[in-house]
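What follows is a pair of complexes built around chain A, which joins chain B in one and chain C in the other.
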Partner chain A sequence: MEMTNQLNYLSTLIPEYIIIFFLMVIVFMDISKEKIAAKIPLVAMSGIFLAIIVAVIFSGNFYSTEKILDPNAIFVNDGFAFIFKFMVLASSLIMIYFFRHDEEVNSYKGRKGEFYILFYSMVLGMLLLASANDLISAYVALEVLSLPSYVAAGFLKRDNRSSEASLKYLLFGSAASGVMLFGISLIMLSVGSTSFASLTGIGTVIPADVLVVMGLLFIIGGFGYKISMVPFHFWAPDVFEGSPVSVTTFLSVSSKIAGVAVFARFVLSSISPELQTAGILDLGMNINSILVFFSIITMTVGNFTAIFQTNMKRLLAYSSIGHIGFIVAALACGSENGMLAIPTYLLIYTLMNFGAFLVILLIKSRINSEDIRDYKGLGYKMPFLSVMMVIFMVSLAGLPPTAGFWAKFYVFTAIMESKLYLLAIAAIFNTVVAVFYYFRILKTLYFEKSDSEEVLPILSTGNKTVLALLGVPLLILGIYFSPVIELARETLKIAGF
Partner chain B sequence: MSQFPYLSVLTFLPLIAALALIFVPAEKKNSIRYTALGVVIIQVLITVVMWMNFNFSLAGINDINGYQFIEKFDWIVLTGIPLIGTFKIEYFLGLDGLSMPMVILSSIIAFIAVISSWNIEDSTHKPNSSKGYFILLMILNTGTLGVFLALDFFMFYIFWELVLLPMYFLIGIWGGPRREYAAIKFFIYTLAGSVLILLAIIGLYLSAYESPEFKVHTFNMLNMMDAANFKPDSVMSVLNPGNFRFLAFLGLFIGFAIKIPLFPFHTWLPDAHVEAPTPISVVLAGVLLKMGGYAILRIIYPIFPEQVQEWMWWIACLGMINIVYGAYCALGQKDFKKLIAYSSVSHMGFVVLGIAALAKGGSTLGLTGGVLQMFNHGTVTAMLFLIVGVIYERTHKRGLDDFGGLSVQMPMYTGIVTLAFFAAFGLPGLSSFVSELMIFIGAFSTESIRTLTIISAIGIVMGAVYMLRALQKIFLGKPREEYNDLKDLTLREYIMFVPLAIIVIIFGIYPTPMLEIMNSSMTTLLDAVMK
Partner chain C sequence: MVGLNHFLILTSILFSLGLFGVITRKNAITVLMGLELILNAASLNFVAITRFTDVAASGQVISLFIIVLAASEAAIALAIVLNLYKNFNNVNVDEINSLKE
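Coming up: the complex of A and B.
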């Protein structure tokens, strides 16, 4: 019995072991001959592919029995962890495609291995985050993810903006992690344990203990910083603008998936079980009303600031803050439908953001600009790219018949069901505002005349295929949505929510 | 259900054509145009066949057995969702006496729009743009028909939104000088309305069951029309004293009012109309504005009868403001197209006044008049916008003061214009007269809104003033030399004007065919609201 438990325990982290193994392989390849080092992207890709397969195979663990694991374990491998790990790994696979096409990153010849080592460490951190079931393990995983991120943001060391991004990220990050650690110590003080399982109900105790409330707020701050929730978002725009496009994509999509995973698990653990099923939030001061507040300011600040941006990366950075607001809104519902909405939203968020960033990357490699004013008339010069951009933007704006609409729809349903009408109104308002800046991009692409007549290099078939693989599912899921929600529901049911 | 799926074919044929057109090279202008033409001709034929097979005695509205050509399947079914249980969206299309006139109107206008778009590349100076244009026009066509046919609230919403996107691009790319501003303004206004509608839809969905016994939440509009189907303690139930029915009513009403457009949400309309290319103005005024009026009758009236009764006077009042204010603004316009746009605002006011003329056990004259006015306004305004298009294409001018004495240079054109103008201000013998008369009799006989009706009558006089003034300025007086070699109407232009002219004259003399379609539906609708 003891033995099986141990084995089970070890098997929870099998995808992580694979990542660690390949991380070492890449380190050795990097220091060997150039010929071998050139194969790094291929090896990196196969490593992640292997991790996905193993993750899927070992997901069978939690299909068979209910709870084989100790609830106090510091890492768990339940359905909730699985769906997020799957998203993290799948998005990492796409990330490698990005790296290979990012000319800024590739211009540093001989540092390719270094880049993939950083990337693999980040993947490791994200996988651990998705499994973390203890404040300490969550903190360690967060640091495993953050430290390489600081370096990656400053990867273009000849570029001042990139170095600035790195430094800003580091300063904000270390402050946030310090605050979070302090929060953890406060919780430890009042609860006596750091396991998520022992947190049950602390988010809803009335009258609230000052220590607990402070601890909760500090920890929320730490997680909020990772997912760039307002008011912990100040690093995001500068870092996103300064970093190479591929790193920006990574920070705004993949690393947020992992951040949301651990944040959601933390919030869920701290709500009392009755509240989870009832979804009614008429209690005064509790973690849900705190989240409602954060959600409203996050989406409002994100969307309103995005209106004034002219740099595409910066614009998407703010727009992603707006989207995080929606995800936090789903989390704030504290209901099962809210939980269902989170992986759903993230999955679609990943598809459309990857698409949008890939378009930016490809346009940048052609016109060497990320400024929206240089996008004038590209709709006619690059028809395929622009049509895909339309799909991604419409989906980001959350309009039918794209999958983005369903993502929003689920959040709205969860909000209405929990009777959070103020949040509903804020969300509605933000949806309209968001449409304005997404459509301004389309307007620039199609309604304005291009300044130059130069003919731009056409897209390769590979690029077109990848774009279509990201865009067409958005349209198909926009019409037939059942698979995504079925998947989310299956895995979450197993997780016991 | 072995019967031929008329409604699906009618709705999705344009979408399929649009998908096919993607693979046609942009240079093959003719094959693109003829494909679009083929689609709209088939649509008109299907509509005619449906009209011939239409059972006039069936009412529809809140009774599924009263609908015709029904197509009803499960579209998305998810079981075991927490708290909600089964999540179900239906593919549910159906036709009754309320949607039939709108479907007829949409098919006709779609046909006219394609004919009028024939030389869109030349008239908007966008070479090789036919492909994108016709693809968007076809998607738009699917959207409008879907709105008129969908009976599942969710489907309705998808179609409602589907209309927005192509319209945005059609105005923004092929429009006039201030097209970008107009396009985004149109989009944001309508979208703001749409999200309000979405919230109301979710609220209704979470409250309504398929039936009191069969407790599955539903988007089916017909189920929402029966108060017994609502969960007693839910936010939309009449039995719940703290319900949000008024808020939902308000959200839906504002959402739909923006589309009509009702004062004070009308300001997008003049901009959109003035900047849109002619065929798009035609679709906008001819069909899109009707979506608002139709949705109020189809959704708000049967689902929120008590709110409608309570706020009837205010709805009529908004109608009255639209009539008088729209006409007043039209009086001051120097731009021909803007004048027509404001006249649209005024005429849609008649629709609202008509449908607000409700009385317990009263006549259905107001309601019938309102729907008939939507149909008539659709055809007449389409003509008016085409008229502006003809002169603008030839001279690139639209100011009322830029012309004079055109009747000598373009006699046939002037004939058509005179007919359309007279129809627009409701000359007896032409179609609008019938519907406006019905609206006024209906509204006047409804005691509570009698005063409003009397004030609204000013609108008719003002209508005659601005229309005749435009006629006089452009067509009468001394002919100007610079226009001596203007060509009169071409064959293509005859093809778009003559069918509309025939409709205007026939329904002016003999409106019975249209009225008998609506008759039983309107009676049922009145009973449903004033029960």
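Coming up: the complex of A and C.
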């Protein structure tokens, strides 16, 4: 490779360099005087902000020919990676607001720096995951993301539930990634390379080679654990319930965005291009039918188990499993519309899940409970918070006039276009079930009488502003959705999908 | 003459033993040992594949990556298990179940 080419290649990871630099700055701030260490959240915020700006500025260059130049590069920065990186960074920026209001995390006073170091390592892993274009770099990025996640889940050292969540996450996560690594070695044996570019077509020749089938299943298992796809989801409810609320939010939103990014890239690489453009899939033994199967069981298990939950965090864990089912459904189509639906869905998913978790966090800091039964009558005690909760729940259920409806609508469009009728029926059925349990929460908020008469502390203006910033876009996009879909189409077109 | 197949059979046995250990063992430390077996099976696989076939990727480099990641994973895992022992006074995976439906 020429010198200019190498420089060009190194420049694909500029947002990551910024994150690494700020990570080191935070480490040094943490070990210096207390006065300096108190500034860590501010520095962390400006680091993420700078990374977003740089990612946007440099995105223009990356759109050009990067991917065509060298399909074997281990990291690429095309439009597809950019759209996911942007979502990861933007959600990380909101996360810093969450951390400042999470009393569980803040109760460990001297360990604030440690928390931000873990947070930054996770962000670094997510960014790398979004641009990984090789099975080995995807594996390394997955570990860079997972290792700090295990520690962050167990951040409340003296809390039994938090340390248990950490152990479960650790054992399940490392088993899944170890199995995935073995799968990668099998794929390398049969394909001769670990690059995504060399995987073309292996998803469609499944009956031919038992090594490829095993390798594919093992790798799907590794990615499936990261996005908590059934049957690799067993860690999710326990980890989500045990970890501090802010860590739960980060794991359920940002880390899944990155996981979906790399999973989508892997699936797209393994489908042969002719099949992709044809748009019609024959449902023999290929990666699409495997994904259709996983998608159906993922939504069904997620939504049906959510009905019986009483802990809000656990309920949202199962509901997010249901949402992942929809995203995998869009991925199973493998068509252009399916690709369009994934970032759109994730964007809306980010907004509404952040909103729902912020409401849970604020309620927890007031009534010290995450149990739905303790939410009785809150609709009259905290009117603003509850109205916001209504917006988020209606959107999560996927009903108009919120943006959640459009997110599901585009998935349905893609499914119908690919003529996957069984999947469409399962998806409609699951939407109905989802409406049931989201509305049960709203019923508790408004139609059940509160046990106590105590007056709860009111929300600060800052809290209201952030809630409104998450909730109002959902309503506006619910009515006027075309800008989002146009933006997604533009970005993906440049990426060459 | 030792060929690729010998290595593949060996790594399959290692992998199966590791997975078996992860699934059946109750002590968290033993589960971690099973995980190490899985990682080492994969690592050996990469080196053997590079040695006996003409693949583009270099398995030796990949196995170095794996060793580094396995080491950091073990460090983090032991720290988590140690903290767990302080809270629960045992490291038996079956008995640590305060998170339930």
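One rule holds for everything that comes next: the second predicted complex is superposed on the first by the 485 of 497 C-alpha atoms of A that agree within 3 Å, B and C clash if a C-alpha of one lies under 4 Å from a C-alpha of the other, contacts with A are read in each partner's own complex, and residues count from 1 in each chain.
Here is the rule we use: contacts are C-beta pairs under 8 Å (C-beta built on N, C-alpha and C of every residue); 3 or more make two chains touch, one makes a residue touch a chain.
Everything quoted here is computed from the prediction, not taken from an experiment.
> Name the contact category of A:E486: first (chain B only), second (chain C only), both, or neither.
A:E486 sits against chain B, while chain C stays out of touch.
> Answer with first, second, both or neither: which of chain B and chain C does A:A424 touch in the superposed model?
Only chain B is touched by A:A424; chain C is not.
> Figure out whether A:L475 sits in contact with chain B (first) or chain C (second), or with both, or with neither.
Neither partner.
> Once the structures are superposed on A, label A:V394 by its partner contacts, choosing first (chain B), second (chain C), both or neither.
After superposition on chain A, A:V394 lies in contact with chain B alone.
> Regarding the shared-chain residue A:R158, is it in contact with chain B (first), chain C (second), both, or neither?
It touches chain C, and chain B stays clear.
> Of the partners chain B and chain C, which touch A:T413 in the superposed model: first, second, both, neither?
first
> Using the superposition on chain A described above, determine whether A:L167 touches chain B (first), chain C (second), both, or neither.
second
> Is A:F439 in contact with chain B, with chain C, with both, or with neither (first, second, both, neither)?
In the superposition, A:F439 touches chain B alone.
> If I apply the document's touch criterion, which positions on chain A are contacted by chain B in one structure and by chain C in the other?
The overlap between the chain B and chain C interfaces on chain A is empty, containing no residue.
> Within their complex, state which residues of chain B touch chain A.
Touching chain A from chain B are residues 76-78, 80-84, 87, 157-158, 161-162, 164-165, 168-169, 172-173, 179-180, 183-184, 187-188, 191-192, 195-196, 198-199, 202-203, 205-206, 235.
> In their shared complex, at which residues does chain C touch chain A?
8, 11, 15, 18-19, 22, 28, 31, 35, 38-39, 41-42, 45-46, 49, 53-57, 59, 62, 65-66, 69, 72-73, 76-77, 79-81, 83-84, 87-88, 93, 96-99, 101
> What residues of chain A sit close enough to touch chain B in their complex?
These residues of chain A touch chain B: 277, 279, 335-337, 340, 394, 399-401, 405, 409, 412-413, 416-417, 419, 424, 428, 431-432, 435-436, 439-440, 442-443, 446-448, 480-482, 485-486, 489, 493.
> State the interface residues of chain A toward chain C in the complex, per the touch definition above.
136, 140, 143, 147, 150-151, 154, 157-161, 163-168, 170-171, 174-175, 178-179, 181-182, 184-186, 188-189, 192-195, 198, 237-238, 241-242, 308-309, 314
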